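Look for chain A in each of the two complexes below; its partner is chain B in the first and chain C in the second.
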Partner chain A sequence: MLKNKDILLIEDDSIDSMSFKRALSELGIKNKVRHVENGEEGLAYLSNIENSRPGIIFMDINMPRMTGPEFLKIALEKNLVSYIPVVVLTTSREEKDKTECFDLGVSGYMIKDIHFKDFVITMKTIFDYWTLCDFPGL
Partner chain B sequence: MNKHNNIDPIKLTQGIFGKILITMSMLLLLIIVIFTSIQIQSEKYILISKVHESISEMKLNLKREGRSVSSGLGRITENAIASYDFFGLFEVIRESVDLEPNLSYAILVNKDRKALLHTDRPDLEQEVLDQNYDIFASQQERPIFQEYESYESDKTKYLEYIFPIQVSTSTWGHLRLGFSLIALERKIEHSENEIKKQTRHIVLRSLVLAGIFMILGTFVAFILSRKISHPISVLTAYSAELAQGNYSFKPDEELIGKDEVGRLASSFGIMAANIKHANDKLEGYSQNLEEKVKERTNELESVNQELKNFAYIVSHDLKAPLRSIGSLASWLKTDYENILDDAGKEQLELLVGRVNRMHALIGGILQYSRVGRVDEVTSKVDINFMIQEVIDILNPPENIKIILDSDFPIIDFEPTRIQQIFQNIISNAIKYIDKPEGIIHLGCKSHGEFWEFYVSDNGPGIDEKYHDKVFQLFQTLQSKDTYESTGVGLSIIKKIIETNNGRIWIESSEGSGTTFKFLLLKEKCNVKK
Partner chain C sequence: MKQDSILLIEDNLIDQMAFKRMAKTQGLDLDYKIAGSFEEAKEILEREVFDVIVTDHNLGDGTGFDVLELNREEPIVFVTGGGDEEIAIRAMRNGAFDYLLKDPDLNYLKVLPMTVKNAIRLKSESDLLDMLSHSIMSTKDSVYITDLDGDIQFVNKAFLETYDYLEEDIKGKNSRILWENELIVDVEGDDWHEHIFHKTKGETLFPVSISESFILDKKGLRNKKVYVVRDITTLKKAEDELKESQAKILQLEKESTERQMAGGFAHEMRNALAGAKLMLAPVLEDPEYHNKSKMLQNSENLKQLFTLLQPQKEFLPMDSILSLIQEIFENEEKLDEILRLVQKATLRGLDITKQIMDYSEVGKQKAGQEPIDFNLLLQDILKMTDHQISSNGIVVETKFFDDLPKINGDESQFESVFKNIILNAKDALLDISLDKQLEKKIKIWTELLEKDIVSIKIRDNGVGIPKKNISRVYDAFFSTKPETGTGLGLGMVKKIVNLYEGELIIDSVENEWTQFDVRFRVKV
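Then we have the complex of A and B:
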């Protein structure tokens, strides 16, 4: 259950992150959104023990400095994302990207919709699911 | 060295060495035989003529001796007869016969051939001798030598001196003195034996000589043949090496010599060098070519990669800002609903509509670029089954009937691609039908190595001048706002069909419905597009 856990968003596009936050506020989700702009920053955020562990991670694939899959690979090696669902938010429909992400064990792969309304519906589904989902107690 | 065709070792009788050796030996044998026999013959001839010479000399001696004895006795006889001293005469004759070693007998006959004296056969004395020879002897008027064989069984040969006795100018009778030829014959026999012995000796000597010559000659022939044939053998081995591509092989020049064979060998050497040079050049070219091909392939690969990246960039980098524009427009509309007037709201609506179309266009470009660039797995596709699936997906409205005219085959194809083809054409047909009752016919027939499929509708039809145009990228016949069309679908299926060596075309005229026909290979060829 996500409860009051933070949400980590790894996204370089400011409008996309804006629409992410807007969708959450429209859905009335109060969890804090920790926004970083690329994989490196994501790693730094997770490595810093002062930061609280997020309940769920959303990440883009194509980002400057370090892509989503690159981030995930290192995070897995460093055991930084255990029991944290990682959902990919991307525009890419490339088969290669999908297989790469699922090979790394992502919990979901969502294509960013052109229509904001549809995006809101997608986010609602995701949050409904992961709010229901029970996690091992930590 | 990989030996492609082994050259059999040459048999002795087939090789030049063997041939030369055999020929030379035969010639040598022939020459030796001829010379030996000639030598034997000539030596024999010399021997025989020598013997004959000595025989005739001996005969001559005998005759000379006989003549002197006879003429002495003859004259004594003439004188004795003239004086009728027969008794004394007989004594003298008998004495002479006894004394003269060669004088065997003496016969004295009168002209009536009555033998008055016969030292050999006293029993014939006082008898008339009437043998042919006796008659012949009595007819002689001059002294002669006559050879004759005795009538006795021993057939002894005698040389008889017939001497007519002249008494007062008339022939009284004949004195016949017989000289035995036994000694002479013995000598002849001895000589003949000697000749035989000598001949044997000569033959033996000649044979030994011939043998020695034969051995020596064969040895010389062997050396000569070897000298002639060895360079050729070396040359043969050399040419065999060359034939097998061993161009660096060098024969021993000393073994080959400097004659015609040597020239031939050096010509071979030059040829080999030229071939090697040409080969090296060729190898160089091919290596160069390989490098060039590699280079070009790398270039192509990098270009291909760039193209892929380009499509990816289009997918991500163009779509992202577009989506942002769309989001911002919709937020503007909701957040500032109270501030915007109707015109402002409509413009924002239009903006969102164009954003949607651009989004669809980018999607179309991506799809189009994927065909032929991204390899998809081929499998056996049952078209009957696949068409049912397409119809289910398209879910045509109730006023449109889809009729299958024939059974469909199973073909080798990328499943999503073949589905794309049918789905696109059928959905176009459904989309554009303008009649209250739409009918779409699907069918297939064999056409050589192809299957020919058709999809025909009773829609508005397409003017012939647009038949090519509809397949071009982003070309639509209707206003883009009338139908949700990007003008990409037909371009994509044309590309799919053509990259699989097929063909697609339209049979239609305005107002009479449209028939799309396309050919797909029955056996998918393995040659990559």
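Then we have the complex of A and C:
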């Protein structure tokens, strides 16, 4: 369950991350959002034992320096994301991207909606689901 | 002044002479004839009428009693010899008006003129009384007379018929029992009072028009009350019928004005709304940009603009720019949302104006002539409306009468009738409160009644219609659904059914069910 765990957002686009935060505030979700701008920073964040483990990770695919899938591959090897659902937020509808992500065991793949309203509904569904879902206590 | 005329029947010549002398000497204003025998008297009376007949008892060829038996209108004064009082009394019993006893000195002749005058006066008074009492007895209005306590002393024939009493039943009873709730209303005065009800012996109330007057005693004090009562049931009925037909005419005029106004108004509104619709469309669905709204295009352009600025980000106040962008985004989203609401309202407005225009056209519509199979028509309508009905969890049950005769008419008019009723049934079912656990059902069945009446019944187990609303459901603009209804549906249904001389019967129990029964007669 997410409860009051942090949310890690890996997203290089300032406007998209702005929309993400707006959607959360619209939904009244109070969890802290830790925002990093690429995979490399994401790895650094997770490796730092001073940071609390996030309850869920949202990541973009196309980012400078390190893409989403590249980040996930390394994080899995280093055992940094065990029991953390990873949801892809992207504008890419390409089959190649989808298979790559699911091969890495992502928990979800969401195409960013054009309308902000629809995006809010998508986010609500994701949060409702993962709030209900029980996790092994770590 | 006309002279009083007398027929003297007297066989005694001396007595005849004495009479003539008396008439002459006393200067009596008399026009008399003398008959010397009963036969002669009979002969004269066949031709002439007198004011008084004076007859002697002994007439030779008859007696005064034979004269009485002629049953004449004239008062008869009977003259007998002295000591014959017995005969005089018998004569009085047999209808003589008065009697005189002959004395040997013939003094009776001196009294005769006064007796005659008296007889004439009394006769005319009794005639007048007869006439009055006859007219009161036989008038069509009920008359009853009471004493000052209200106890009934006299009633006429019309009274007995109208109030259904026997004379002996009602005489002496207090007149209170004739009034509604036994309350005597004060109706004193010359006017006829109305809006008053009386009741018969069997307690049946009837409307009356009533007048009250008083009989005064010799001192001029009120002595009796006279009531004249007219049963105005028929009058009232005629009045009510007149009122009803006037109301109908008014209603028709009202509807026709309503339709004209509504039609004109709707036409103008439609033009305005159509303009709004036309202008909104390219803003909300721009065909040149994949039907995206202008607002969305703005947001996307802004986002691209921002991306173009990215390489310069070290030199730019990114935080301020981002917060401005956020503000613009929010405004654009709001605009998008509101314009969509405006568009929705516009479309609904267009829908309503269309319905109003249809309604205003109903009056001008003509009945069609194609033979329509209602079983098929209903099945088609159910197919058309299925998405609105089954998606709301409503089950439709149908039972169609085999070989239902076809009714001549216009398919689109009939379609509008049944579509309206079925969609009404749907709305009634959607209004049921959720905690009422029941299967939402619309039952539709067709029947043939009395061999030539096609009946289509549509019944739902929805919210029903409150009793107070049932009579208003056809009124234009009466609706219990302010959100979706225009209040024209059932009025239009009724108009079309009337157009085909059909019948529309609505029956409902609030919170239980509503049933529409549409009936058309098969025309040969």
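Keep this in mind: the second predicted complex is superposed on the first by the 138 of 138 C-alpha atoms of A that agree within 3 Å, B and C clash if a C-alpha of one lies under 4 Å from a C-alpha of the other, contacts with A are read in each partner's own complex, and residues count from 1 in each chain.
By our rule, contacts are C-beta pairs under 8 Å (C-beta built on N, C-alpha and C of every residue); 3 or more make two chains touch, one makes a residue touch a chain.
For clarity, every value in this text was computed on a predicted model and none was experimentally measured.
J.: Please determine whether it is chain B or chain C that touches the greater number of chain A residues.
T.: When the residues of chain A touched by each partner are counted, B comes out ahead.
J.: Now for A:92: first (chain B), second (chain C), both, or neither, which partner does it touch?
T.: Touch status of A:92: first partner only.
J.: Would you check which partner chain A:107 touches, where first means chain B only, second means chain C only, and both and neither mean what they say?
T.: Neither partner.
J.: For A:15, using the defined touch cut-off, is the partner it touches chain B, chain C, both, or neither? Pick first, second, both or neither.
T.: both
J.: Could you say whether A:131 touches chain B, chain C, both of them, or neither, answering first, second, both or neither?
T.: neither
J.: So, A:31: does it touch chain B (first), chain C (second), both, or neither?
T.: neither
J.: Output check: A:117 vs chain B and chain C. Expected answer is one of first, second, both, neither. What do you get?
T.: both
J.: Starting from the residues of chain A touching chain B, keep only those that also touch chain C in the other complex, and list them.
T.: Residues 13, 15, 18-19, 22, 114-117 of chain A touch both chain B and chain C.
J.: Where on chain A is chain C touching in the complex?
T.: Where chain A meets chain C, its residues are 13-15, 18-19, 22, 114-117.
J.: Under the stated contact criterion, what part of chain C meets chain A in this complex?
T.: 292, 296, 300, 303, 306-307, 318, 322, 325-326, 329, 333, 336-337
J.: In their shared complex, at which residues does chain A touch chain B?
T.: Listed in rising order, the residues are 13, 15-16, 18-19, 22, 62, 90-95, 112-117, 119.
J.: Applying the document's contact rule, which stretches of chain B touch chain A when the two form their complex?
T.: 312, 315-317, 319-320, 322-324, 326-328, 330-331, 355-356, 359, 366, 374
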